[in-house]
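Labels run A, B, C, D, E and F following the written order; every chain starts at residue 1.
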């Protein structure tokens, strides 16, 4: 019956990859919407989250089903649990995309050219890249990639910190635009959290492959 | 062998309760530290997080062990998975407590009496109360409590929204203190997230007891 | 205390093992003595003529055992033909049709009792049943007597063998849509085939040496067994009896030993042959 | 419909065949009872306890035959049983090669026709008893001076025939027979039970006497009864060596007779009341063997049921 | 989903003792339905009603309806031999017939169909392939079926059962006498077979039921306490008894 | 942890065929050590070396060391009767002796000790309680051990084994002939027993090994491929073969 177990796991991994790419897309579009103050796009992203949530539930139920029906042990068990946890994380990323998109409604009130915009391109690229890579490490069971993702986290943290300083400075300069900059800070924080989530996923992958829990080992540094 | 399985699960639940009360305590102390600008206390909270992290890893390993050794199904399986997920959530609460405590270092720079303080007492009480209740619902397998927790989430959201409006107003009034109010907003957000986490836990409990995934069913409203 | 106990336990064990070895040696030597004597004494009588000529009254030359051998074969085969088919059906009845457990239990008990029936009584029975009404001894009466001895043996062997066929096999056969008869004959009996043949042949080997019943039925005659249906028929066991007890002459004794050797070899050959050909679980009876 | 008709007729045919065995058994009883009616009418129950057998005077009694039958059987069993049991235990534990060689030898010996034993008894054992054993007992051991034992073993003249010789030949005959049954019973002890016995620290003797024999006890008893029945009804082996004297035996070397031997011996020349007396003996033998068989079968059946668990 | 088999109000009696009580069970076509429950709960009995093999024994009787494609097969006018061709059965212990491997499979064909030698051979090969046994036995079709290993014998029995092209396969703990390796082969085979047959399998082994079945019925004391998809039963059973049984709280 | 039993360089031969190769296995005191592996991997053989029961058979021999409390019990000068008192064994099928329940347990006592009736009775009761059987049989101590149910028989055998106060209990698939309910009782009993005895159990059933054992040794083709705590083996085995075996990839 191992064949069937392997098939089920593969299907599940594919489903997870699919929802990940959707989520990633959602994050990128949300960032774009904040930049272009595109309310319809933001609304679309918020609406699309339902689908992502549904997929999360589906994956979780499948994991439960696999655990109940195939009762895996050792590596197989770790794989299922990892998928279960990664799935949870991915859904959180989806929620973060929604959080970003929600900011748009507030941001538009400040008008396109009224404010000095923050460029999230680099940060978005990095965070999404980390997410993608962490999922790659899951798919290809490659702990090297996972380790790389973990090391990248510091860079994103740095970018977030920069954004924070930028925002504080701007608020001092333009107190009346502080609402806008608050939104920017929220977005930055969301992106930083996406990077954190990618790190978590990578840690889970390392656990899956090697059976070692690396979480919290390096946290002292990054937090 | 069911006896041993039940014992293991009970021990695990106890461990989880213990770490939860620790985390709760950490949150309350962190809030107190922000209010009294108590840096040593904040540092203590941050240091104590290592222990919480260690317990999280321990609980997760125990869950994996139980899954591998006892291969539970049905209600038993849902219980283990719920503990696994709740454990994860609790650790996040611990991280949030650290986040709150970290704000203290920044806040002290504004001096005790310089700023109009935000009173987080009500919000902290509510959020921690929800967390406590959600764990009670897990312990007593009581979905009524879980449902109550879920319904309380809106109140905390409301408080967070109030805090947001308050912060924005204060920033306009005192742009030079905007750093402080940013910290306050962060704290408020952390508390709101604690409430969210309590809600998640309650949803997990409902799933455990009834096998129905209630997550996302009501999210449209609360997010 | 424990050490002492251990010593006595071990001593008792050694004594026991010695005694059991002794028992085996004693038993086997007794056997060897008999068998070698039969061979030694019997081989003196053997010659080609001994096998080719019929037996003749004392004093006549070229006496042999050919007629007795032929008669024995006829009587034994006749018994097998008479007994086997109904005995197998009777065994099938005991093993396959259990819906009347009381009747089958009674029949099984009868068969067991019949298996232990002293053969001399079988002789008496057939004597009054056939010999007296028909007015003469006959080979057929001998066959009937041997058949009566064979019948319960084959019947019980059949039952035992069929019982060894797992019940699931019957259900499996019925489950693919076979009839009951078909299942019994084609599947169950076929599964037990080896055991059945072994049982029949061993029963045959056993009755082929029976003497007592033949004394009352086939009797003996110094002629070719042409009167199988109507007169005394020569046969080996009675020939041996006649030659060894009822005759004071050494020459007759020697011929008797010869006949004894021949029948022993025949019975054992049949026995060994059966066991080798259908090597399966042995059965005591 | 047609298929079930075949099924039914086949079933009834089988029942008919099986019924034959019941008919046969009844037939034996009826025939022996009918033919012995005359004796029972003349002598009544005294036939059983009378020791006279005088065809000329037309006086018949069954006691000598019964005593001869029982005593030869008893001797045979006393000799054969311990040897058979010990030998069977040895065979079960012996190395595979020895086990199979000796085992087959025993199977074959059990198959040798009884007339051969009788003949060997007549030509070898009787002279041996006459020329060696009896003189040895009487002259070397002065057996008749020993009280009690002497009464049983002393005989004035040596002829070799008698109860002891009959018993011996029966013992030799049933030894392989019982041994084969016992070996089969002992071999049916599950290997795991044997290992369990050794596993608690039994020696071979202890395992045998406390575990293996009790486990097969019913089968063993059944086997003994089957051997007993066989000895009881045996004709030819005893006929040659018992002496065929219709008197109450005085001691172990007295010539005597058994029921089966009497029938075989006297029947050809008998008629009238004597023939009826022989049928009456037959009836007694039938009842004895029936009794033994009932015991044997009840034990054997219990044994199979208990193994079938 | 079309129903292949459906028990309606099925009751079963051993003499005066009732062992199945008002059983209702729909069995979907081309699915594996596992029947689980503690010893003596009537699960094997239920299976033995489906091809009326219980009729071998006196004092056993079934009441109620058992619909095969909508026809109540418990009615006396339904030909039992034909029914048994349509409903194959596999037993706990392998039951190869005392004949060659080839004849074992060809036997039911000869019984039920009039086929040429060529056709027979083809269908035997097909059945053996269907039972994943062909490659292992193609060179020894003439050897006795009893000479195969336990797992092979069981697959031979499956080949025999499917040779007559039945619609339903009943399996009564088909792997309980086999070692783990042979068991997993049989399990894989069963999943393969459900593409063509409707399978009902009684099993003691809950993991097995979980692994291979699509639907599960839980029997307790002669009553079907719960039935539904296997996933449902094993992750979220509706009945407390079911939950207790599958989590090992009893039985 | 103190080692109770330790195999060092243990080799085993059936005639000329070697079936165990250089086995090294430390067995901790008062723990349950499960021995798993595919059929024919030598796991039962390993157990049978531990009380030298293999010596019953010709052509079987063991080489190397098997230390019981540091003493190599394979040496001929070690008394085998004494060793077997110290190392009890439970078999696949229950093997009650053909005597009463009481005598079954009293037998090894009578064999090895000189005890008064009172003492014997007390120790029998103690052993039966230890095997969780006392309550079920206290009213029928005089009935035959064969009259008990399968699960009770197996517990009777356990009582018999522990009556002589051995130090090690060897169990060779002790539940493979039992139904699930009896199995779970035996498993609970085993966990109870490890408070007093060192237990080695051979099992086919991986779930069982997972549930009850503290340490697990995986045998493959006569070699101990991996041994360690059960948690480690079942969540994160070091060897690929072990992983493949416990996840059902083979065997």
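Here is the rule we go by: contacts are C-beta pairs under 8 Å (C-beta built on N, C-alpha and C of every residue); 3 or more make two chains touch, one makes a residue touch a chain.
Note that this is a predicted model, so its numbers are computed, not measured.
Novice: Quickly list, by label, the chains bordering both chain A and chain D.
Specialist: Touching chain A and chain D alike, sorted by label: F.
Novice: Call it same or different for chain E and chain F: same when shared residue numbers make up over half of all numbers used at their interface.
Specialist: Both copies, chain E as well as chain F, present the same residues to each other, with over half of the numbers appearing on both sides.
Novice: Centroid of chain B to centroid of chain D, CA atoms only: how many Å?
Specialist: Going by mean C-alpha positions, chain B sits 93 Å from chain D.
Novice: In whole angstrom, what separates the CA-based centres of chain C and chain D?
Specialist: About 17 Å, centre to centre.
Novice: From the C-alpha centre of chain D to that of chain F, how far is it in Å?
Specialist: Averaging C-alpha atoms per chain gives centres 47 Å apart.
Novice: I need the residues of chain C touching at least two other chains; which ones are they?
Specialist: 9-10, 179
Novice: Tell me, which residues of chain D touch at least two other chains?
Specialist: Residues 3, 203, 206 of chain D touch two or more partner chains.
Novice: Please list all residues of chain B that touch 2 or more other chains.
Specialist: 1-2, 61, 64, 68, 71, 73-74, 77-78
Novice: What's the complete list of touching chain pairs for this entry?
Specialist: Here the touching chain pairs work out to A-B, A-E, A-F, B-E, B-F, C-D, C-E, C-F, D-F, E-F.
Novice: Flag every residue of chain E that touches chain F in the complex, lowest number first.
Specialist: Touching chain F: residues 38-39, 179-181, 184, 204, 207, 248, 250-251 of chain E.
Novice: Please name which positions on chain B make contact with chain E in the complex.
Specialist: Result: residues 1-2, 71-78, 211 of chain B touch chain E.
Novice: Under the definition above, what is the set of chain A residues touching chain B in their complex?
Specialist: By the definition above, chain A touches chain B via 50, 53-54, 56-57, 60-61, 64, 67-68, 71, 73-74, 77-78, 81, 84-85, 88, 95, 98, 102, 167-168, 171-172, 175-176, 178-179, 182, 185, 213, 215-216, 219-220, 223.
Novice: Would you pull the chain F residues touching chain A in the complex into a rising list?
Specialist: 206-207, 210, 233-237, 242-243, 246-249
Novice: Could you pull out which chain F residues touch chain D in their complex?
Specialist: 51, 53, 56, 58, 81-82, 84-85, 88-89, 91-93, 95, 97-99, 107-108, 111-112, 146, 157, 160-161, 164
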